[in-house]
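In the two assemblies presented below, subunit A is common to both, partnered first by subunit B and then by subunit C.
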Partner chain A sequence: MAKKLLLEYDHVPGISTLDVYRRHGGYASLNKALKDLTPAQVLEEVKTSGLRGRGGAGFPTGMKWGFLARPEGVPRYLVCNADESEPGTFKDRYLMERIPHLLIEGMVLSSYALGANTSYIYIRGEYYYVARILERAIAEAYEAGLLGKNIFNSGFDHDCYVHVGAGAYICGEETALLESLEGKRGNPRIKPPFPAVAGLYGCPTVVNNVETIAAVVPIVRDGGAAYAGIGVGKSTGTKLISASGHINRPGVYEIELGVPVEEFIFSDLYCGGMRNGKKLKAVVAGGSSVPVLPADLILKTAAGEPRLMTYESLADGGFASGTMLGSGGFIVMDEDTSIVKNLWNFTRFYHHESCGQCSPCREGTGWMEKILHKILDGHGTLADVDLLWDIQSKIEGKTICPLGDAAAWPVASAIRHFRKEFEEYVTRPASIRDVKHYYRLHSMAEA
Partner chain B sequence: MPDYPVTVPHMSERTEYQFSPETLETARRIIQRYPEGKQKSALIPLLHLAQAEFDGWLSPGAMDYVASLLGLQPIEAYEVASFYSMFNLKPVGTCVLEVCRTSSCWLMGAEDVVRHIEKKLGITAGQTTSDGMFTLKTVECLGSCGTAPMLQCGADFYENLTLEKVDSLIDKLKSDGRRKVYTRDEPITI
Partner chain C sequence: MAKVTIDGVTAEVPDGTTILNAARMIGGDLVPPAMCYYTKLKTSGGYCRTCIVQVTKGSDKDPRPMPKPVASCRTTVMDGMEVKNITSPELLEARAGVVEFLLLNHPLDCPVCDQAGECDLQNLAYANGKAGTRYQFPRREFEKIDIGDKVQLHMTRCILCYRCVKVADQITDGRVHGVINRGDVSEISTYVANVIDNDFSGNVIDVCPVGALTDKTFRFKSRVWYTKPVDAHRHCTKCTGKVRLWYKGEDVLRVTGRKDHYGEVNDWICNECRFDKKKTADWTIEGPSHIDRGSVISANHYESLKALKATIERQKKALPHGNKVSLGHGALDPNNA
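Let's look at the complex of A and B:
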């Protein structure tokens, strides 16, 4: 059985309460850190662990913390990114809903390492009920002296607050999130300066994903080296994967990084194979933004090696034949799925969610949506497929934030790996009608 | 970003905007979470409170009121309210059914759910029933991909939907008759 570090007790009744959480070892890491470790030692453990940001970018967390500016007399902030909005991703919601204290313990621990006396959990507005679960847990923690003044008699003071957003995918981008937290529209900032120097209210700030912050708890408990001992190469520790789509057992799975993709899809420990005995057609392995891969390339790399659930193995082959681990939003599609139509769905999403600051993204996402709509309406031409390719190539890398890239990659990969399907749709429109779930695009688009 | 053009609504039944004492207390508590002079941070949370208290949508009057509580110019509230998809800038029904239409929900039959509700209520997505009971919206990924298809009503998530479950939910919401808002959770079991 795979080792679990975050979800070991997720099915224990009452684990969302402080009492039960503590009976299962909760807040022992915090106690240990505040009593026996200096902030610099906690930071060192995180560096040793090799933990990488679990929100999607996979940037080493210890290094990110190391960048934090520490000018005298200026407050520092930790902000938790709980804006989980990447289509296909629902792990943070699961973790916060089931074990809210794991996040709160991680918040205090991380803040101790960073020297932050105030932290905010920015949670997407649609998760309002989860925000209330967190607020209840925070109230319990205050009552027990785990938040507030002089925690565990260490002299360390910390306040943690929940802040709800109001529905905007872009606020998952860290600088847009900070803008939103300051009460503004979620327009990403131009970097530099990076948040580590000028973040929330212009103060040095670290923004980390829910799962990243939660992972600090087992890292401090067992030591960074033990954490680094799990996984493969630079993909250390465990990762929460949100599995969805045409599989038998959708849900959140904590895996040790390095599980073969084939095992993840077909083993009864995880996805349990394809639903209704259908064949696997394609997988989006890390949330809607990452390149889609056809069955053969997701199971094996172009070189014929088994593909593993690690940052490196999934990226093997670059974008020509690989993808990304991203946020771990693992969307599985069966043989009846229309790649073109699914792409239209994604592209409509990015058009809807573009903040509108940069022209390539604001305009380009709309053009791509329109062209895909035209193709699905049976009026596409071969030139439209080339035009799609051209537009995506002119969005990628040309915007302030990565939303532009995220909108371009699905289009590029769908055309790269499934060009035949596009060609079929434009040369033989009748084939579109054979696709399951082809209904009124218009009202869905305009609603 | 809202799906509809941001215009000043032509109908507003309220002339007075004032939070109840309890809501005002909640608002004060929220404002205290942010450092001195940074009370603008409380804008989004307070707009949520206003939407919940003032009939499920943000009229210019409601936004002006929130701005005044925070010492902001009204435009600061308007520009924020118009950016975020959860804020309704025109009147909505007592229950807003928000069906997820993205990615996994899409693969698992969100379209069928939308079409079914449209047929049952006699409206299309984006519209409100003539009795003012239901508004149907389609929204982007709500983080329930493993339990797709799903819809949200108020704070509550309704997951692993079947058309029968949708029928039963609509009937229960109707007989319950209460406004469903994000800020309070009063789950209706189906």
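Let's look at the complex of A and C:
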């Protein structure tokens, strides 16, 4: 059985309440840190642990914390990014609705390390009921003296607030999140300056994902070295994966980084294999914005090595034959899936969520969606496929924030790995009205 | 001071200068075009992405190239930085892509647009764009709104440079307009139905790089290239009173701020100067305006004469039948030039 650090007690009844959470070792890490460790020591443990940002980019958390500017007389802030909006990702929601106190303990712990007396949890509007759960937990924590003035008689004061966004994907981008938190239009800022220097209200700010902050709790409890002992190479510790799609057991799984992808899909411990005995066609390994990979490339790298669930192994081969671990939104597609239709769905999402601030993303995402819609309608031409490729190449890397890249990568990878399918759509428009019907015919012809 | 090399030309610029401004100090072809950056407006720039450049060497300290093209208007130079603009074919291709995106939903109604002839988007598309469009879908439209009796808003022409929003924020007392909605349906609008009316609101017309915000008092009166710009001033209690008058015959058709080489005004002017003083008697005339851009406005006027003379000299030499050049009706007679 794989070691669980975050979801060890997720099925204990009442774990969302303070009493049950404390009975299962809750707030012990905070007690330990405030009594025995200096903030610098907590930071050192996080650095030792090799924890990397769980929101998608995988940036080393200890390094991020180390970058935080510490000018005299200026408050510092910790902001938790709970604006989990990446299609295919739902791990943070699960964590917050099951064990809200784990996040709150992590918030206080991290703030202690950073010297922040105020922290915010920015949660997306669609998670309103989760915000209620968090607020209930925060009230309990205040009552028990785990938040507020002089926590555990250590002299450390901390206030934590939940802020509910209005439900925009773009507000998951850290600078747009800060703008939104300040009450402005959620447009990403131009970097530099980075939030570590000038973030919320112009003060030094650290923005971390829910899972990253929660992971600080076991790191302080067991020590950074023990956490670093789990996993492979630079991918240490455990990771929550939101598995969805055509599998037998969709859900949130905590894995030790380094589990082979094949095992993750087919083991009964995790996804439990393909639904209805279908063949695996493709996998989007880390949320909708990472490149989609066909079955042969997701199970084995281009060099023939088995692919592991780690930051490095999934990225092996660059974008030509690799992908990214991203936020851990693991979407599995079986042989009946139409990649073109799926891509249209993703692109429609990015079109809808583009903030409209910079031109390539504002205009390009809508254009790509319209072309894909045209192809799906059976009016596409071969030139449209090349045009799609050209548009995505002109969006990628030309925008202020990574939303442009996120919109471009799925298009690029779908055309790179499934160009044949696009060409089928274009050259045999009459047969694609009913996609499933088409695939049935297609596989009969092959047999 | 920082040493920066742009397209092989090295210059020493003060610390904190942006790449765009460093290029403007050098001048010439290597200056990136800019649609949303405006020197006088703080925090402007970074949105349109036309000024992107390739940084091939970060600095002397950290010589790594930057992985992606950067917006030159918002990136400061580092000592020893090397930048490629017109010497990088990939970058020019990327910029052509940005121009295509900007034109994607633009109505291309230049024949009926008051901005035509002095439009940054026209110049940009002419210099950096492609001849045709690859967009086969209907262009987006907006519900028309009235923002007052002085300024006309054509949202379909807007490229969302945010300049007018920053003008309202930074030089007027209160901002009543902004960007509403999201993505490709975001629009400049007042919330809720309001008029933009204060002493300096007319400056949104000057900063607008396209024909989205135009002067209602000048509307459909003349193409800009039939009007002659003249610099003039008057004593004004609200602004510096230094303006540019646009004449057609004896009539002042409109008043604008004096724009420099990059289309940026030297001084903000007040609405009284802009909209109410349209008689020659109101003004002290300084003389014809210097217009040096590749603008069609200059084709009718002063600057072009020099170029025309040179062309005629060349022609004279090239012609086999001596120095007699026959020109059409109304043209400059080279033999008297």
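We adopt the following convention: the second predicted complex is superposed on the first by the 435 of 447 C-alpha atoms of A that agree within 3 Å, B and C clash if a C-alpha of one lies under 4 Å from a C-alpha of the other, contacts with A are read in each partner's own complex, and residues count from 1 in each chain.
Please note the rule applied: a residue touches a chain if its C-beta (ideal position, glycine included) is under 8 Å from a C-beta of that chain, and two chains touch if they have at least 3 such contacts.
Remember, it's a predicted structure, so these values are computed and weren't measured experimentally.
> One more residue to check, A:Gly125. First (subunit B), second (subunit C), both or neither?
In the superposition, A:Gly125 contacts subunit B only.
> Check whether A:Arg185 is in contact with subunit B, with subunit C, with both or with neither, and answer first, second, both or neither.
Both: A:Arg185 reaches subunit B and subunit C.
> Which partner, subunit B or subunit C, is in contact with more residues of subunit A?
After superposition, B is the partner touching more of subunit A.
> For A:His352, select first, second, both or neither according to whether it touches subunit B, subunit C, the two together, or no partner.
both
> Contacts for A:Ile400 in the overlay, against subunit B (first) and subunit C (second): which applies, first, second, both or neither?
In the superposed model, A:Ile400 contacts subunit C only, not subunit B.
> Pick one for A:Ser85: touches subunit B only (first), subunit C only (second), both, or neither.
Touch partner of A:Ser85: subunit B, not subunit C.
> Between subunit B (first) and subunit C (second), which does A:Arg70 come into contact with in this model arrangement: first, second, both, or neither?
In the superposition, A:Arg70 touches no partner, neither subunit B nor subunit C.
> So, A:Ala168: does it touch subunit B (first), subunit C (second), both, or neither?
both
> Of the two partner chains, subunit B (first) and subunit C (second), which one does A:Lys420 touch, if any: first, second, both, or neither?
After superposition on chain A, A:Lys420 lies in contact with neither partner.
> Intersection of subunit A residues contacting subunit B with those contacting subunit C?
Of subunit A, residues 168, 185, 352-353, 355-356 contact subunit B in one complex and subunit C in the other.
> Taking the complex as given, what residues does subunit B use to touch subunit A?
1, 3, 33, 35, 38, 40-45, 47-48, 70, 76, 79-80, 83-87, 101-104, 106-109, 111-112, 114-115, 118, 124-126, 136-148, 152, 155-157, 182-183, 185
> Give every residue of subunit A touching subunit C within the complex, in rising order.
Going through subunit A, the ones touching subunit C are 168, 170, 185, 190, 351-360, 362-367, 370, 374, 387, 390, 393-394, 397-400.
> Which of the residues in subunit C end up touching subunit A in this complex?
Residues of subunit C touching subunit A: 46-49, 52, 67-69, 71, 74, 94, 97-98, 100-102, 104-105, 134-137, 159-160, 178-179, 181-186.
> Can you tell me which positions in subunit A touch subunit B when the two form their complex?
75, 84-90, 92-93, 118, 120, 124-129, 132, 161, 163-169, 180-186, 201, 242-246, 250-252, 284, 288, 329, 331, 333, 337, 342, 345-346, 349, 352-353, 355-356, 437, 439-440, 443-444, 446-447
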